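Look at the two complexes coming up: chain A is in both, with chain B in one and chain C in the other.
The block that comes next holds the complex of A and B.
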């Protein structure tokens, strides 16, 4: 506990103090989700539109997901060295299987009658996606985002092994220097972050679900 | 590329690199936690499945437990005084394997339609026959799915155990990370780990299909049709 509570570790002038490590962790998680979604959305819509793509896309995503994180990082190091891409590429790759599968399932679950109603009201294809399909699909998509966020926070802790600092640095340094209090600080902060994000997104899911039921009634 | 492969083969064949020992360590680090988590989670699941409060608690704790990153589980063992090496790694990996098996045992038992059990009883089956011919065959596919998730997770995570000194292929990756001039050791570790994980995934997927009774086997989705089940729980990583 003494490491976690020591004022020197919260010093804002030190770029490797706990607040910065925390922000680094949020940054890598946010960036993974952002780029992950930017890839997953168009891919998933293509899969929904052209069902023949489904099998190759899902198989590729599942295959990438099966590669253990430590092995993936090892392969990446031999290509990108100690750069941010080394940790970011595996995280984004892992996110795809869940994001694509959930977006596809969510969009397919939208009642075609409602899309028909939207079209009859004079909506153009973009408005149909934006105002009918997306709101109805959102709860399932958020469920996927939640799984990805928690997984990403966990795997990102390996960052310091490939040269990217975040809360995992506390564990890495703690092991390297044999400082148990630092390891404990890292373990507490990482777990707290993962559990908080998990619960927050459960809350968002609940809110959206209620909205969905209201809209359907 | 070819050169790199030759280097890797030479690395594996060099007795100084102890490839056989690392393989043995990796297998032990994977199989022991898989068996232990089955031994703990299956009886526990059977015990709590029909008790709503206990089942709710087990489900909730398992869900929260999944949010704890594996690296945290591993290092907490060390700090908690279990020490370093094989033992703390096995405990951490067992803890990792329990939630998916526990959840699927509960789910498997609950998914059995009471009407089917009633029908069996109506046909004059004894309690023993109902268990052996109806309940176990019906829950086995769900349970097998849980074991597969747990096993793939454990195999995929076992290289991280090298961080707390448990040996295995992870040692090659760890050592390789501090020798960036030559990628051979790193690539040997990463390739071995990846191949083992893929073999586990495909082997257990086949096993899962084998234990699914023909009557409850769902038709494989038609060519190109999307699998429509969204993901609500972490998949095997």
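The block that comes next holds the complex of A and C.
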């Protein structure tokens, strides 16, 4: 607790103080989700459209997910060195399996009657996706994003091992300097971040679930 | 206003050996309610879904106001045709107001433009706008949801309305009420309505024309009375219950039982009334005859005996549709 409460660690002129590490952590998580979704959305829609792609896509995503994170990071160092990409690429890769699987399931769960009604009323394919499929699938998709956000926040703590600082730096330093209070501070902050992000996303999910179309857990 | 014409329409689904619809031709005059009746698998829903091109026919063509629908952009075509289905299919994530204005909205009209129209439609289907506008479909009963479904189908003022067993999932009382409502609304909007049902009572109650389908073929088309009086075959006879005397009383008009007027001072009944009404009036009033009046002029009279002659014991229909003319000339 003394580490967590020490004013020096909250010094805004120091770029490695807790507030900055916090922002760094948020940044890498946000970036992972953003790029991850940019990849997962079109991929998932292709899988829904062309069922044949389902097996190869899901298999590849699952395979990526099984690579041990330390091995993945070591491999990435040989390509991207000690840059942001070294931690970012594995995080995005790990996110795919949950994101794709979730988007596919969410889109498939949309009541075909509603899609048919939209078509019968004269919606063009874009309007059908934008006005019917997406709004009905989003609450479920956000459930997947919640899972990915929390795991990303966790795995990102390995960042300091490959040259990217974030809240994981507290744990990394704590281990090397033998300062338990710093490890505990890091753990508390990371958990707090994960819980906060998760709760925020629950709020987003509630907002998206207008009219209570999906029974949320 | 729109006339719908089916010209030798056939639909064979891939892999099927026989057509779901085979060589069906008929015309629905503008402003008519045409009921498609048949057993499951008779092709009535397939026929309906070909009109807004959810399905395209294998051969033959469908014309709206003389123009083949294949000549039109399917999306534009669908926007000019209202669609109501048994499952209602309201969008659960949209409010009632948003549901009603879906078609105007996809055509680019703003919420402000359609506000008045939405309220007008909700009034029309009997849902007070102030109370229902902002609710979600889940908060409505089945009957109320189908009212919204009807309002939604009418939103862009289509000329044609396609209804696929719209009241099939409702309880008997609500269904009856909705049928009355549809008739009331139709007298105001005069759409050309194609209505699929397997309920013959519903077909007779709502239909100007009834089309009987079986295994993809059109068996008979005509006014409810015509199907009762002269069913084309045993299938139609059984389906419409032509042997059912009560049904004949209900749907056969008094003009089929006319005889020359003997007592011009007697009680009167309108020429559009059915035998059942005449029978009840005769029994209740104790009169021995009723003068049948059309546009203020007597066209003949009916008596218990003349009605009895029409409906013979064996259920076969003795009268002729055009007998009225003969009677008046004699009178």
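Going forward, the second predicted complex is superposed on the first by the 202 of 217 C-alpha atoms of A that agree within 3 Å, B and C clash if a C-alpha of one lies under 4 Å from a C-alpha of the other, contacts with A are read in each partner's own complex, and residues count from 1 in each chain.
The working rule: contacts are C-beta pairs under 8 Å (C-beta built on N, C-alpha and C of every residue); 3 or more make two chains touch, one makes a residue touch a chain.
All figures in this text were calculated on a predicted structure; none of them were measured in a lab.
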Partner chain in contact with A:135 - chain B first, chain C second, else both or neither: second
Touched partner set for A:201, first chain B, second chain C, both or neither: neither
Dominant contact partner of chain A by residue count, chain C or chain B: B
Touching partner for A:154 - first (chain B), second (chain C), both, neither: first
Touched partner set for A:28, first chain B, second chain C, both or neither: neither
Touched partner set for A:117, first chain B, second chain C, both or neither: second
Partner chain in contact with A:88 - chain B first, chain C second, else both or neither: neither
First, second, both or neither for A:127, with chain B first and chain C second: second
Where chain A meets both chain C and chain B, residue numbers: none
Contacting residues of chain A [partner chain C, same complex]: 113-114, 116-124, 127, 131-132, 135-136, 209-213
Complex interface listing, chain B residues touching chain A: 64, 66-72, 75-76, 78-79, 152, 155-157, 159-160, 163-164, 170, 173-174, 176-177, 180, 183, 186-187, 189-191, 193-194, 197-198, 201, 223-237
In the complex, chain C residues that touch chain A: 52, 54, 75-79, 83, 85, 87, 89, 91-95, 102-103, 106-107, 136-138, 152
In the complex with chain B, residue positions of chain A that touch it: 47-48, 51-55, 58, 63, 65-75, 77-78, 81-82, 94, 97-98, 101-102, 104-106, 108-109, 140, 143-144, 147, 150-151, 153-155, 157-158, 161-162, 168, 171, 174-175, 180, 183-184, 186-187, 190-191, 194-195, 198
